[in-house]
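First chain A sits with chain B, and in the next complex the same chain sits with chain C.
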Partner chain A sequence: MMRLQDILSPFYVWKRAFEKPFSIAVLSAPRPGSPTYRGFHQNDIDKCIGCGTCAEICQNVSIDMVPVKEAQDGDSGLRPRIDYGRCCWCALCVDICPTGSLTMSNAYTWVEEGLDRDVRETYCYTPGADPQPWDDEALGYRKPEGYELLHLERVPMPHLAPGERLNSFVEMVKGYSHELAVQEADRCIQCGICTATCPAHMNIPAYIKAIREDKIAEGLKILYETNPLPGVCGRICTRRCEDVCALSHRGEAISIRWLKRYLTDCASAEDYKALLESEIKPLDRKIAIIGAGPGGLSAAYYLAGMGYAVEIFEQNAAAGGMLRYGIPEYRLPYTKLDQDVAQIAALGVKFNYNACIGRDLSFDDLYNRFDAVFVSVGMFEPYRIGIPGDDNAKVISGLQLLSDVTNGVPVDLGRRVVVVGGGNVAMDAARTAKRLGCEVTVLYRRREVDMPADVEEIEEAREESVNFIFQAIPLEIKTADDGSLSFDWGKAEMVQQKPGERPQPILIEGSRENIAADTIIAAIGQGVNYLWMDGEASAKIELKKFRVQADRWGRTADTKIFIGGDMFNPTADAITAIADGHRSARAIDKMLNPPREN
Partner chain B sequence: MQELLDNLKELYALNGITLRNPSLAWAEVTPERLVGLLTQLRDAHGFTHLVLMTCVDWLEDGRFQVTYLLHNYTTRQDLGLHVYVGRTASELPSIHTLWEQGRVYQQELHEMFGIYFPGSPGLGEPMILESWDGPPPMRRDFDTRVYSEETYSHRQRTHHEPEQHMKDRLYPED
Partner chain C sequence: MENLYPPIVDGKSVYDLDSQKYLKMWQGPQHPGVTGNMSLELDISGDQVVKCKAHVGYLHRGFEKLMERRRYINCFPIVCRICVPEPDTNEYLFAAAMEDLLGLDIPERAKWLRTLNLELSRLASFVMWLGGQSGAFGMGTVAQWCLAHRDYVLDLFEEWTGARIYHMYMTPGGVRGGLPEGWDAHAEKVLDGIYKLLDEIRHVMFNNAIFKQRAKGLGVITPDMFDRFGIVGPNVRGSGSTRDIRKDTPYLIYDQLDFEAVTEQGGDVYARAKVRWREVYQSIDLIRQILKNMPRKGPLHITLPNVLHLKVPAGETYVRAESTRGEYGYYMVSDGSEYPRKVTVRGPSYTHAMALLEHLAVGVNTADVAGLMVSLHTYPPEIER
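Right after this comes the complex of A and B.
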């Protein structure tokens, strides 16, 4: 029997149709999230560097780093892709992001048409790369001002005060204590963005971690895997790694160089000895290396470690190349260089000093006696200023001054010294002259911002009261009546000659200034010396624009001859020479492919 | 409150009495004396309200710490009681006869930590973990990650480590 209720019930329902519904119309009339609501992510992908720190901190493993752009220095090209099936909207990823690129919009609704797909294929996107309706939403969660999970400021490095530095060549940077080093190491987020930029691809995050965990011996071992001159590099490396440090985007880069220095300074003699303990199986192959600079030393270390009999031929009386005869002692104490060299010698590398190839020995001789030759003779032929009067005996090169000081040759520069140039050699020469008691003025053709010298070095030179004259073009050097030098120079203006190119200094018509000097130091660059290329063997080597041609492994047109270091790479710094040496060592090993029992 | 606790101390073997401030105190009691103490506090000393029950897993010490927080509306004072119980075969007396809502807290502690409260109504029914087959998830030895990996199906990860990815792209041969 049908009850009355059954007949009426549809009308009860219809009656409800005119009442205010209890449910909310989320899709047709969305309610906006509050202004700081933590909704779907936004990422400024041009600002993001793909460091993966967001993925690392996410407790729900919601973030995958996926390729979006080409990898390049300082940017992995990866971008975070977020799985909202896992995300709990905690915003830790936003708070930790070192570039500040990652934020959250206040959007929280996701409409998915149809359910014919596997649910795991949706509800997931790469913010900034996969377009979303909330990409330009201005509201949402941003890391609050003043709230900071990262330590953006460096632990300062203790220095000698400028006054204390001026009368001595004592090392000016004092080094981190254990406590300071651990504190600095603790700032590192271990993203590894820097590794690609280091020419030697040193495993930076790994050794910083070793410092943090106070595992010094292990840290030292990591350094030697890619760099057999870590004590040196811990002091004078051009540290391009620091330029790309993720922390440098909103704060100060990790002091990578000083941390490396800390490792080598506090490693004990036993730690160094322990590195030599793994057994080397000698191979019946001999390698000659010309030049005991960082390039030659590095190749020697890795080849000797593989079992080759290695002999170095060096024209000077000691090893190090420009590290010893260029870089002044207050930046790199000789004892530190000696320690690194001794470690290389301990592998059985034979050093022949006072052996100049092309003078004392012929290249052919080496070529015939050895299975391969690695050449890293550097660039030590100073360029002349190229103006009338630059052949005056009181015009010397920066390298001359620096090597004389290294060799203990007495130097007399007089009172007033003018240094011409804006690179590291100019800074080293100027500050060395300062330490010898001179008044020093640096003359540079371009502006301060154009100086190739390290910013820190310029700053320190200023602290030591070195004067600078910028946009100054040398014109002529004359001898004054009192026998001193009269140096004419002219003011330059910076002219953008072609769009996109760096502006060139052009002499202002008629400008002529004068500065008096007792010594003028030219530090405007060096060229390669080809004395070593004598005889027949080197005839096959190809030269182009005065440079020996080789591929990235240092392989020249002659299969037995390899090159590296300043004479080869365009960056001309110690770490690139070290990387070249290591790379050529592997190429030599590959070429000779000696029989080995496993 | 000090006076009250001093008075009860001997009878209920109270331990670790701490006065945080004039209106908040903590004390420790054994499971055996718990119900007696709560009854007296409720009926004789004005602590008529059970604010909450909660638990901390002291995994390293091998025990749970169950907390009962009481409130006195007249004096506006809070009194927290800690009871310790071993992590294996954990069992505590039920207090649902003193406060009916105790049943709900006990159901939750049973579900999340695996503590048994004999006689507590509906103790074994799931509160939020319908058809759960894992161990009580708030126990600290429960590995959320492992459980979720074994139990649920996952979206395939496509993660690349930045350092390795840069090596693959920029200097694969070095």
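Right after this comes the complex of A and C.
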């Protein structure tokens, strides 16, 4: 039924004719995007590490990683370049950026003048590197607080409780279960920043992926490509990879070391055997290796794998070097070391134990009998404290204590032990003394933050009730009336002597304190022993500041002699020794260039 | 009219083209009278449609297939594009399906914000539709008002989510952020404007003799058609049914809101328009309720495992929500890997724009086909995904 009102009502529209129009006649000024608008990207180029996670998550493949800077540890030097012909402004790249360097401005207009650019370059730029008007724009999209696309917390590693630990030398880290390992492996973004930093350039993302996919045998194979001591490194590696892990910027680094350990722990005997299956064609070349530490073992593994006849000469009765005679068993069980060594021996490497070069055998003999010699004798000459009284028989070195424990030599340290030093040897000595039932105090010249020891180890030592005295300079050791030691030390202040350099501990005038001890353990570093450099063959080798000179392949002035490990590299850890061994193995192969049938 | 229909032989209509009584006319795929890129192949006799065949496929982008090759997180920016005027239902359902398979419960505050987002999105979609419906009957002025007001809603979205159309706000596990300061006041202003707009529309559209004349009795949906054609949303509520997912199987926090399903009795174009117009009032009311009762503090997102390797446990699920067109559903199948095995999107427009429209168009005047089509509120992009 039609009403009159229905005829008139539509004329209501005329009312609008007298009102302000909705539309704007002329766009007088650009309308800014809202304060959180998802506009053109900005990138803090110095904060960005070139991990490429932004490119990984971009489902439009809008991001290319392009070289912008020199690569360095923890920074690939690449930076994201964004193609706005593809970008859909989802900002997932911003959300996932592990450093938080990537943001978005609220700018959304960009006029490209002329067509002189390659069309593929049009509307493309590298934020932070190619200047844009919106570079400093404070408004725009930022990842909101509390919202994460990454899992930033580590899966905690189960440990023995501190009380339990002190009763024995049983390994304190229990290891990840399958479930925990996969959880931890899932956190990895596979950027590979770690690989570049690892001295051995282990393919970390690949073996973590193998864990995620539960392909243990494959993971083990990946480990052995660059590291023939994975069981060891999975426990004691200095893990510089973790220092640069992309996740460490806003969260906790992936437990790379523990994941490596997980692989070796759950690999079966068959998995290990499978690694030996590929046929090795023997070569008519012999290599001698001095020292069965990680450097020597690594060189031996890769050379034997290439077909060389390899013989190792080791002064001790077992292989491992500092891994066995230095690192205590609660951190690295001998059985694990033995397993890794057995795998190397299975390749046909011949081990000559109790064979000290320079004492039992001459270097000249090796030099003449073998086609090349690789030397990795480490550093085992402990430095002395260098104060009056440090020649007391109750002042021993950390290495002495540790090797005695390894060898099963009974040690009597008394009740009170003072350890001098702040490195890993000091921590190992202190915690070993703790396990022998002593009260232990560590004396260190600088502050806690300056300690070269691993933070984790310092923390664990604390848990085990090791005492610490920082900024303490040893002054004198005397014998007290009761036959025990009286150790004088003075308080130091930290003085910045040159700008940019680390502050030096300087003794405060007149400060003198005393601590009583039954044994003092010096753990302030060690030097190289040159017993092996006897005879004529080694005469060509150059020494500078007591160190053997070699090129980056470890090749000395005599091209038949290569060196590696602690005696050569400044980082002095197992993985660098392993990398040195692998690198020299390749260099030796290149030098000898033996005939091979394909 | 009866004699205009072509004779039926073996269940198919047969044309005697030589009779010169019939003409084929295409409406679409590019045509101001279609609701998006699809086309209607109309067989007409005189001014009347004797047969209608709906053709789709012009907007096929292969989203469902694309998703099988993408990590879950990478599907998140894709799904909103399935429906342009009301993308958020897709965001919500994709996230909800994933969360269901993962067995996750999102924080309370995120639930309220998702509901707010969905209602605001319904509001924008309805307002735009009102413009479309009036435009289809020649009332372009109303269409312009409506588009202007929809833009004000988009301003609100921009301020809140950082984007106007594709908000990409409901990430799996929660939402991307809270409401910015001052947003409530802006929202109130926009709602107020729309409230007034609705009254203007009442004058100009619902009380308009021409609209009444053309819309009443056009495209009548009767109860026997409900299940036969799978009719949902305002299309079914315009014929007296109370079907509304928000009431029938409440999701998010709809059960904490005070509202009733809006129904009208006529079943025709006019009744459906009335339902939608009233649902705009309802949306305004719901948004106000949400803003009043919503928790303002608390987490917005749960901690997910690294999304780059997020695996969803094997299984399947169907989740649904009430979009402006009715039941919108996501059927998700996971084989336990990092990629969805299958995601099927059930857009309500599929049945409405095809089977139902083909049925309702018969006998309609060609000039009213556009109005009829819009009255079913169909969005071709959700038909094809």
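To be clear about the criterion, the second predicted complex is superposed on the first by the 564 of 598 C-alpha atoms of A that agree within 3 Å, B and C clash if a C-alpha of one lies under 4 Å from a C-alpha of the other, contacts with A are read in each partner's own complex, and residues count from 1 in each chain.
Everything below uses one rule, namely that a contact is a pair of C-beta atoms (placed from the backbone, for glycine too) under 8 Å apart; a residue touches a chain by one contact, two chains touch by 3 or more.
All values derive from a computational prediction rather than experimental measurement.
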Check the residue A:201 against both partner chains and state whether it touches chain B (first), chain C (second), both, or neither. first
Under the stated touch criterion, which partner chain does A:35 make contact with: chain B (first), chain C (second), both, or neither? second
One more residue to check, A:124. First (chain B), second (chain C), both or neither? first
Check whether chain B or chain C contacts more residues of chain A in the superposed model. C
Taking the superposition as given, does A:237 touch the first partner, chain B, the second, chain C, both, or neither? neither
Contact-wise, after the overlay, does A:417 reach chain B, chain C, both or neither (first, second, both, neither)? neither
Just checking: does A:71 make contact with chain B only, chain C only, both, or neither of them? Give me first, second, both or neither. first
For A:50, is the partner it touches chain B (first), chain C (second), both, or none of the two (neither)? first
Once the shared chain is lined up, is A:583 touching chain B (first), chain C (second), both, or neither of them? first
Which chain A residues are contacted by chain C in one complex and by chain B in the other? none
Which of the residues in chain C come into contact with chain A in the complex? 70, 73-78, 139, 141-142, 144-145, 148, 151, 155, 158-159, 161-163, 166, 168, 171, 174, 176-178, 180, 200, 203-204, 207-210, 212-213, 299-301, 303-310
Can you tell me which positions in chain A touch chain C when the two form their complex? 2, 5-7, 9-10, 12-13, 15-16, 22-23, 33-38, 53, 56-57, 59-60, 88-92, 95-96, 104, 141, 144, 146-151, 183, 185-190, 212
Residue set of chain A touching chain B in the complex reads 50-52, 55, 61, 63-67, 70-72, 76-78, 81, 83, 85, 120-121, 124, 191-193, 195-196, 201, 205, 583
In the complex, chain B touches chain A at residues 145, 153-155, 157-163, 165-167, 169-171, 174
